[in-house]
Each structure stands twice: as structure tokens, then as C-alpha cells.
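Chain lettering (A, B, C and D) follows the sequence in which the chains are written, and residue indices restart at 1 in each chain.
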């Protein structure tokens, strides 16, 4: 059967007032290739209904639990039921609905980090492998066109052999005990029972790790870490400084923070090879700086001869800024296009079959747990493996 | 009847390959409040069908002409037919379909500039006034949150009485005779029979005029202009420099260009009052610089105590860049929300009833024609009125 | 006789507390090629002595008037007497001491603008031509290395034929009636009896004009101007907007301001040719941006393959910022080296015989008077000639 | 006796072609408070004479060795002889001439790092303490006005208790084996017999350490380090990544590099306290960014209400960029003014008695040796003490 139609999405979590749920809805809507058809937006059935109404869904498809949603949707005729599930709950509620969805035949796209723990992540990986269904992870920062361009430039040797990587993710919003005020975002992120073993390192350090490996194409092999909880009364790290060693002998520095007062969301990366360097800042994402000892070049979205992937992930001409939602939408569009190919039994276009998957997710969880262990221990260098 | 449902949009123009049509579709889709239900995407019926299919529309609602679309949709039951029309054709094809739609009871949102000529614009204004239907114009740059913030700061007296405004819109993409290559965007923009009497001044200078008046709340009263066609073989201006005088005695400079090589889409404005100044750049739209002689402050989307309008036009937390499509989507969302209120016989929320209308459009056309006349004449100062 | 020795400078004006006098002393001292040996620092002999003492001069060489200084120094043996005179007084006191110095055989370097009026400037030009002595004018902004680089790139055709020039010089320090407070710098600059017919246009607009012509190598031929005095009680313009036409058909915009609140000293220029553009900001002077429609390149002091003149006007390796005093010092060093060559009857090195002269000064005065006249008149375009 | 006269400087090292010698000469000349009167510019007497001639010195005072210079100058009458010695040789030649000068009664100002080794630095410290003579170290980056401002803001509690410091010093000039080409600067800096045990960490990492402690007022107490030599054939580190712990519990990251291709001299620091953050970049030294979670403020040289020290170390009004030489000159001016006070038996003005001294130098050498040892060892945290 032909699937030249919008892919139908069911959402788990992300009711009214949730930050990341709204992001996923906008990202999935932008290109007109995905349609929100149902949701279990809250564990409270009334709140879920109210959210569904706000999102213009019929009452019958706003479910009181993800279990109910999966069962009900499965019972719908193929032409009506959702095609995939989007999971936008806090970390401890990623894996259970993901496994249930997969086991009932629904592909999944899930917020990051993949799981509450590495063990849980591995369990999910098994289910993904067993079911053979599509699984996407919204490490959204790799969706930016200039990140694609950077990766391509490293790959094609424009920088020579990579020697040094500096990747940072400073924020300042948790410089006080915001969680004590009841602020919802702060509350679950600083709560070990919902967030997992790491605070800043899990929430944003894992993005930095993912970005560094994605662009460089190199794996981290050794870690030396120093995590700190600066705000009194907080249970998880709110700052972390890490030295890195990469498989090819490159060295690196990764630091992230939620107490760097005045920083918004300043993910950035610098990567230096034998013959050139690159610099990219998430807060000015349309610009990539290419450095050599003879001068600097400013590469820009839509200008000049960018690689096909950078072009395919940009929607408007040069000088029309594309931001966070567009990058996030790239993950969703790529997932949807790939899913459509799968449903049509066609070979997915590799240009779009480019989104983080369950293996990236397992690696991210391994990174988080390794950094936490490394910080707690006296060993200088701790090996990083993601089995 | 209650209209708590997505607003249904029919599009005129914007078939496959059109730049601005895709922008309007993405902008209208982003918030999940508008649904594309039909279109007359091309004057070639087959191309229109093919486009509709690409956008996942049923064949029956991809029409071969706007006349057919308006007639057919009108005949559908109220619960199915489109709620409004979006017009994304070249300038000479704005007014005829707009008038037809209005006369058949369909509200309209239209790309800018409003019309092919001031006379035509006035005709449309009459129809809007006669029908009393909602009319929106996508002067999208006023949709940016920091533009709202700038306007509010001027209004609330943070700068004191305004003295000087510098507004610029340089581009470089037409520095060669690109239209001779058959490039579609270049072709109609440089063709007087489709674009009107002005080239750069109509396409982008009118954005600069609109932005300056929107932020300052001041009307331009006198114009001194020097338009140039630099590229040999071109028929319309590709560069323009204009001195401005405002109603309160403020002075200004407006310049726009399509031959400023290497410039992308560098709309920017600086505005100085007795006690403070503001600077905003479309290519870094999340930042607004507030200047005094004691120092500079960087205002940012989502940071600190911004005005309600800036907050209402932002979708993600600080540091997650919002760009062109988000600003464009603000125009659409505001139009849709206002339309829904109208359909429900409710008072529109003034926070969202904020989008350019037919009067802005008439003023824009008057600006274009005045600048062209002023440039051609020997008078130093030409009065600017928009009757 | 060989003059491999420091050039000996006598200064007129610039006593304690004067801003520009201190700048000239530091600029002349930086390279160790010029030695301050005497001065008439104030028309008040006691203040002149006190200033001389502060500058470590012997009492005998701190003179009570420039007339006394010129006469006394002339009577000293050649090995002791000053080699040249530096004039750093307000505008109305440039020409009289300059003429007296020249007529007594002393070369002169003088602050800008050259004179109080165009007529006076022409008189000085005659004396310079009659005496054949070296004359320098400290239009210091042309001393920056990246300005040299920009000029060279235009000259060598890197931008193609020049089409458009935008040059700006906004400041904000006179946004209130500062002169009423007795502030010395404000007082003379806003006083027609000391400053001349123009305020902002004479003080800083003339720098913008000089920079545009220096870099482009093009002469302005027509001017359309709108000067304003915004601050009540002020006698001279504190803001000016000017449209320009250049000899080759290029168009331009020049605006300057002393009421652009929050602006420091933001001289900047953008220049566009058929194939490339350049952008330079005085407040980030070590960077020159080269734009094409395929991307931007950042040229930096000391990096890569800059032209010989850019290299010759830079003192430290890349990344060690060079600023205003270094650029100013380039004018002095070039003047001193050229003077030494002249004294040694050698051909000056063209790399260093590069500093503004009396002809630039006459042109600057003509520009000021033309703009003032053009602003006052009803003619749209006023021819600009500097005879 | 009164010393209201220029301080007379004798220079050791810094002959023709040396980069840092020229810097010291310009820095000492800028303010007209110091006069170069003699030098031992090279260990080759002829080269020393030739250099002296270039600098306009009489042949009799261009010496063939520093020993000769010190002996000869000592024998001159007090009114003629040099007042102090400036040492600008490679690292291994700092201490021997410094000790000889001090032992002969001459105060010393010396380039950094202080010595070839910590042991040697301690020896010099003893001599400084024994002789009681003035000793200055040109850690020039602390001479910038906005560094003074940053230090003052930390001290006055504007940021609250300091939590995190990130300090970086990337360069790219040694990304190839430049020393093999005979390039003089590269040659001695990469030669352990002239540079000491460290390459990048000694040359520039020590500046980063000095800057972090200077601004924060905090001492580093623990170090975890990873130095690398990336360029094959090089003997010393050309890259280093260091985690820091400070005495108050603050954490830090310091990294420096000579192989970060395309980086010029990008020393920069970010420092975060409980309530605010600061960011400063050496390559844009006139700007200091003050961050809070409510917004950012741009502090600028000469604008608004800066601290007295920031004002005292700035020479020109706002918007006239001051750079590397001005900051370097601040060290010399402060040294000269303090020396003059000492010679006059007056209490030095604390505003100017602000320059790095022998204790900073010893601390710097201890830092270098600790980092090298820490990098080589398996201990995670190595204590940092400077006894």
C-alpha cells in the first residue's frame, strides 16, 4: 500500500504547560508531513483530555494513559490508527512506554536522554533490535544545517587529522534552588528519581558528547571528570568539567553547567585538525567559522557551495535565520520520511535517514554513567565504552 | 457555532518550487492552528494538481484556477469549506484573487507588497471595507518578538522623543543579471509587468519603511530619493538611498539594495531618541541592543522582563534561537486566532490581533510610488501621504 | 648632513587636560622616532610652563606663545632646534601658526579639519606650495592597517567597479547640551567662532568623507544633504544625513551624528563593487570583512597574505589588538620618516610617504562648506568641487 | 633629589628583529615617561651596536654584553646612568642578568615567565628580597582596563561567591614544525634548553593562570592536567588541558594551545559567581560582558561609571580602541611611576603600584612545573603550592 500521506503521530506526555511537548508538536508540524492524531498527554485523564482539546483532537483520541492509547490505537483500522509514537515524558518514563509501543508494532521517536539508566537503555535496545522497528532519538542539535556541514568537512579531510575538540554547554537557569519554587522543569531535572544519576551532565552534557562525536566522527575512549553540585540542597550535579581522549589520539575538553549565571543555552564546539579548525555556536546556528592560519571564512546557511546534507536541512534562502525549531523539525521530518519509505518497502534516502537512534541513546547513557563514576573516583583516566 | 477547530486555509499560488509559497505553508503549519485544505497552486491545472498531491491534499481540492477554487469551496458545506484564502502569487496577481475571495465571503491573508500599484491597492481597500472581512498582509518582519519589544520601548518612552532612524535592507543576490538565467525569483521581481514600478524598493525597501514606522510609531512625511539600476539590462531599480523626515521632526536614512555583494538579507534598524537608542538586526533577531550614554544592555528573547507582546510571540526558552519562520508564523497564528474570534463573535485578543492589514498595504504602495517619483524628479523633498 | 636621529617636535596647543594634545604626544612617542623638545602648550604662559614641566621639558623650551616658540627655536643652533611643528589647537587656530611656522622654515603636522574655513585653507595651501615644506594632516583613521588593505583591494580590482558606499560616523556624547556644563571638548566644538560653520559634519563627517575617498580612490561629485540641530540651544548641526554621487557613477550614503545616544565612536564603512564588498569598523579595527555572494572572509591584521602597506602599518603579531593610538602613530611615524628623507635629500619611501596632506585638508574644508550650503538650499543635488 | 624626569631604561636583549624587544620599547615609550638610554641588545657586540644605532642610541651606550652594560652604567654619574634594566631575552637568560643588575643596584623589569625553572625563580626572589629593589614582571594582560574592572567587580561582590572559572589561551601558529624552518620565535620557544620544561603551558598557559588568579583574587589549589605534543619532532607540549580547583571551592578549566589552527592570540576568561558572570576576550579588550539571569550588560572602556583603576589605565575616550601595546605600556608606566616615587622617597600611589612582581613570577614557575608533573603522573589531583 502506498503511504503518500502524512504520517500520523500519537504523543505520550507533553500536556498543557510542558515545554518540550510543545517543541515536539511544532517540530513535527512544521513541514506538513506529520499529523498529530492522538495522545496520552498526562497520567491524569482529565488533564490529558483538556490538552487534547487544546490541540484540536477529538475527545476519543485523548487517552488517559499510554497503555490505553497503545491498545486503543492498535484496535483502529490501519487507515486511521497512528503510525508512530512520540515520547516526551521525563527521563524515567521513556523506556516503559517505548517498549510497550514497539512490542505492539508502533515505531517510536523519543526525547533524550534515552533512558533513566544504562541498564534500562540496553533493555530498550534489545526490544528495538528484536522488533526491527524504526526508533529515533531527538538529539536535536545534530539537526542544524551547519552541523551537517561541519561533519562533512571533517569527513572529507578539510581539517586534516583531528587533534583537539572543545565542546561546551553552559546554562545559568539553575544557579539558585529553583526546584524549591515548584518550577516544573527544574523539579524533575534535579530529582534523581525522575532524572537519573546525573543532573547537568545528563540533561545537557550528553548533548555536548553527542555533538562532538557526531561532528568529529571520533569516539571518546577515556574520561577524566569533576562534577560539582554548587547549589546547596540540590541532589544532582549542576556543573561538570571533563577532559577527554579520543580514539585517534585527539584530546578534548567538555564542560557543561547549569550555574553559569547569565548563560542561556550556549552549546558550542571548536574542533581543530592538522590544517584547519571549525567553530559553531548553537545560539548563532546559521554560521560556521572555518579557520586556517591564513585567515577565517564564514560559512552560512544557504550561501555558496555547501554539502548536500546542509542544503537538505535548510528551508529558506540565505539570511533568513533558521533556529531551534527548524533543527528539531529536521529530526522529525527525517524520521517521517524514513518511516514512509519503510512502510512503502522502499530504500530510505540516506540524506534523510539521518537522525539519532537507539545506539546513540545507549552511548549517551554510558557516557552519563561513566562521567558520574569517573568524577566520584580517584582514577585519573576512566575508560569509556558503550556496550 | 463554536470554532474551536483549526482554521482551514486555501492557497492561491505557491506551487512546487516557489520559495514564498513553501514559507507560507510552513508558517501556517507551525502552531497546529491552521490546516491547508485546498489550493490553486498554479495557473496550469496539472501543475496545480501535482503540487496539491505533494502537499498531501485530495485531488478534488487542487484547483486549476483561483476562480474555480473560490466557486467550488463556496459550494461546500460550511463544515468542510475553507475558512480563508492565502495569496502568495507575484505582485500583479494579488489584488484580483483577493477581491474575488472577499466578494465571495472569504477572508484573505496576502503576501506583500499589497498590490501592483497604489490605484489597485486602493481598490482592494474599498472591497475590504465594504465586505468588512478580515484582511492580513504578511509584512513578516514585524512578527519578531524583539521587534515587538522595540516598539513597546519606544511607546513607553524608554528612548525619549525619537530623533533619528536609520533603516537598511541590503542584499547582494541581484548583483548580476540573474534574471537572464531564467531564475524564477529574479525573473518576476525584475519585470515591471509583474513587479510594478519598483524593483528593490518595492521588494525590500517597503519592508524597511514598514519596520521603521511600526517600531517608531511615527509616520514619514517627506522623502528625498535616489534610485539606481546598476546592472546593465535590468529594467527596475536595484538600489535605493532615501532621506526621510518624520512627523515629529525626526530625521532618517533608509537604504536598500540588491547589488550589495555578499549581503544576504540584512534588514536592520537603529533608532535614537533623546535618552536612549535601540539596534536590531533581522539576521540576529533574538537580540535587541539598548544603548544609553552610560552603557549598553543586551535584551534577548526569553530573558528577563520583556513586554507581554514579546513574550506572546516567542515559543521556546531563552537561548533556543527563533528565526524567520517563527516570525512569519506569528503573523499567521495571529490572523488565525483573530479570525476564530470573529467567527465565534468574540472580541479578538489585542495581543494577537496584531498583524499588518490593508491600510499598511496601501501605505506601502504609496511609499513605493512616492520614492520612485521622488527619485525621478528634481525636487529635494517630496511629501509622502497615503490617501 | 645625516639625520639618522629622532625628529624633534615642537607642539602648539595641547596643554594639560586637552584630549587631542595627549593623543598627539603618545602617537609621536610610540615608535621612538620623534622626540618632543618644546611647546607652546597654552596661550597662558604659566599654563604652558606647567604643561611643559609635566611633559619633562626644560622650562626654557615651554613658550608662552607660538610666535615666541617659532622665533626662539629658529634662533637655536640647527642641532638643537625643533625639526617640525605639531598643531593641536581648536580649528580656528590651525592656520595662523601653521603659516608662521612654514614661513620660518618649519614643516608642519596639523590636526584636522585643516582650517576654520575653506578660504583660510586655500591660503594655507598657497603657503605650503610656496615654501615647498612638508605638511601633514592627522586624518588618523587612514592610518589603520586594514584601511590600507581595503584601499589596496579596491585598487587591485578585487571588488570590480565600485557601485555603492555607505559610510557612517555616529556618536552620542552631545545628545544633551553638554557645552552648557563647561565641558571643554564640547564647548569649542559647538562654538561657531572656534569650530567653523559646521558641528558634527566638520568634526566627524569630514573623517567619513576622507575615509570613503581614501579607500575607494573615487571623488565625490554631487551632494544632497540634510543637517539638523537636535539639541535646543545649540548653534551648529549635531546630526547630518547625506546622499552622495561619485565620479564613476557610484552612489553613496554618508551620515554622522553626535546625538545617536549610546554610540561611542562608531566610524564604519561598507563598500560594494560588481564582484565583492568590504566592511570595516573603526571600533574593531583589526578586522576587515571581504564579502562575495559565495561567502565571507575575515581578514585580520597580521594574518595571511596582506598587502605590503597593511603589513608596514602593523607593529605586533596577529591577535594582539592594535588600536587608535597605533593608527595615529602611523601618521606621525610616516611623517617623521618622510621628513628625515627630505632632510637627507633622499627619495622618501612611498610605503611611508603615505599620510594626509594639505590637499586632503582643502578637500575636507570644501566638503564641509558644500554640505552646509547644500543642506540650507532647495536644490536636490549640489556639485562638490574642491578648488 | 627630585626625580621629576623621565626614567632612564637600559635594555638587555631585544635587538633588531626580536618581536618582544620592540614591544617593550614601544610600551615604555608611549607615555613619554621612560627614555631608552642604553642597551645590550645582543650577545654579538656588532649586532648590539647596529641595534642601538637603529634605536638612535649613541655608540658608547650600545654594549656587547649585559655584564659590560651593568658595569659601565654603574660607573656613570648618577644624573646620566640608567635608572633601571629591562630584560627581554629568552627564558633561560632572565635570571642571570636580573640578579647581576639587582646586585649592582639597578631595579629590574623582566619579561615572563620569570625564569627557566622554579629553583632559579626562587633564587631570584631571594635577591629581590635581599636588595629591596623594585622588580616588575610583564604579565601584560593584567594591564588592560577592563581586566582591572573585572577584578574590581569580583572584589566588590558584584558576582557573589565565585563558583566557576573558564580560562583559555588558544593559538595556532605552531600547528606545524615551524621551528624546523629556523623561525626565531618558534625556535627558542620549543627548545627545552632555552624555554624550560614546558612549551605552550610556559609560554601562554602561565598567562591564563595569572589572569584567572588576578581577576578572581583566588588561588588555585589543585590541578589535574593533560599535556600533549601533537607535532611530530617537537620536544615540548604544544597543547594542554587542565582542570582546576580553587581555594574557595570554585572549579575551573584552563586550556591553552599552539596547535589550534586559525586561532591568533585568543586569551579569554569567563568567571561565574552566585549572582553574576563576566566574560572578557583579549582580542576585543575594550569590552567586558556582565551577565545575570535577567540580561547582559556591555561594559566598555571609557563608558559610564567604571572603577578608578579601569579609568586610570585608559588613555583615550570611549570608542577609540586601545590594544595590546597600551596594556603593555600600563605595566611600564606603573613601574616607572612607582620607581620615581621610590627614588623620591615618596609613598607610591597604589593606583599605579599595580604590576606583577617577583612573587607572581615564582607562582607562575610553580604552576608550570606542577602542570608538567601532574600531566606526567597518574594522580588525578596534584596539589598546587608556590613556596
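To be clear about the criterion, a residue touches a chain if its C-beta (ideal position, glycine included) is under 8 Å from a C-beta of that chain, and two chains touch if they have at least 3 such contacts.
Because the structure is predicted, anything quoted here is derived from the model rather than measured.
Student: Using the touch definition from the top, list the chains contacting both chain A and chain D.
Tutor: Touching chain A and chain D alike, sorted by label: B, C.
Student: Is the C-beta contact count larger for A-B or for A-C?
Tutor: Ranking A-B and A-C by C-beta contacts puts A-B first.
Student: For chain A versus chain B, what separation do you get between their C-alpha means, in angstrom?
Tutor: 34
Student: How far is the middle of chain B from the middle of chain C, if each middle is the mean of its Cα atoms, in Å?
Tutor: 44
Student: Roughly how far is chain A from chain C, centre to centre by C-alpha average, rounded to an integer in Å?
Tutor: So the centre of chain A lies 56 Å away from the centre of chain C.
Student: Quick check on chain D: which residues sit in contact with 2+ other chains?
Tutor: Within chain D, the residues that touch at least two other chains are 173, 263, 293, 295-296, 300, 303.
Student: With touch defined as at the start, can you tell me which chain D residues reach chain C in the complex?
Tutor: These residues of chain D touch chain C: 4-6, 19, 22-23, 25-26, 29-33, 36, 53, 55-56, 171, 173, 263-266, 282-286, 300, 302-303, 315-326.
Student: Touching chain B in the complex: which residues of chain C?
Tutor: 159, 163-164, 166, 168, 170, 172-173, 175, 224, 226, 228, 230, 239, 241, 243, 245, 251-253, 255, 257, 259-263, 270, 272-277, 290-293, 295-296, 378-380
Student: Touching chain C in the complex: which residues of chain A?
Tutor: Listed in rising order, the residues are 293-300, 303-305.
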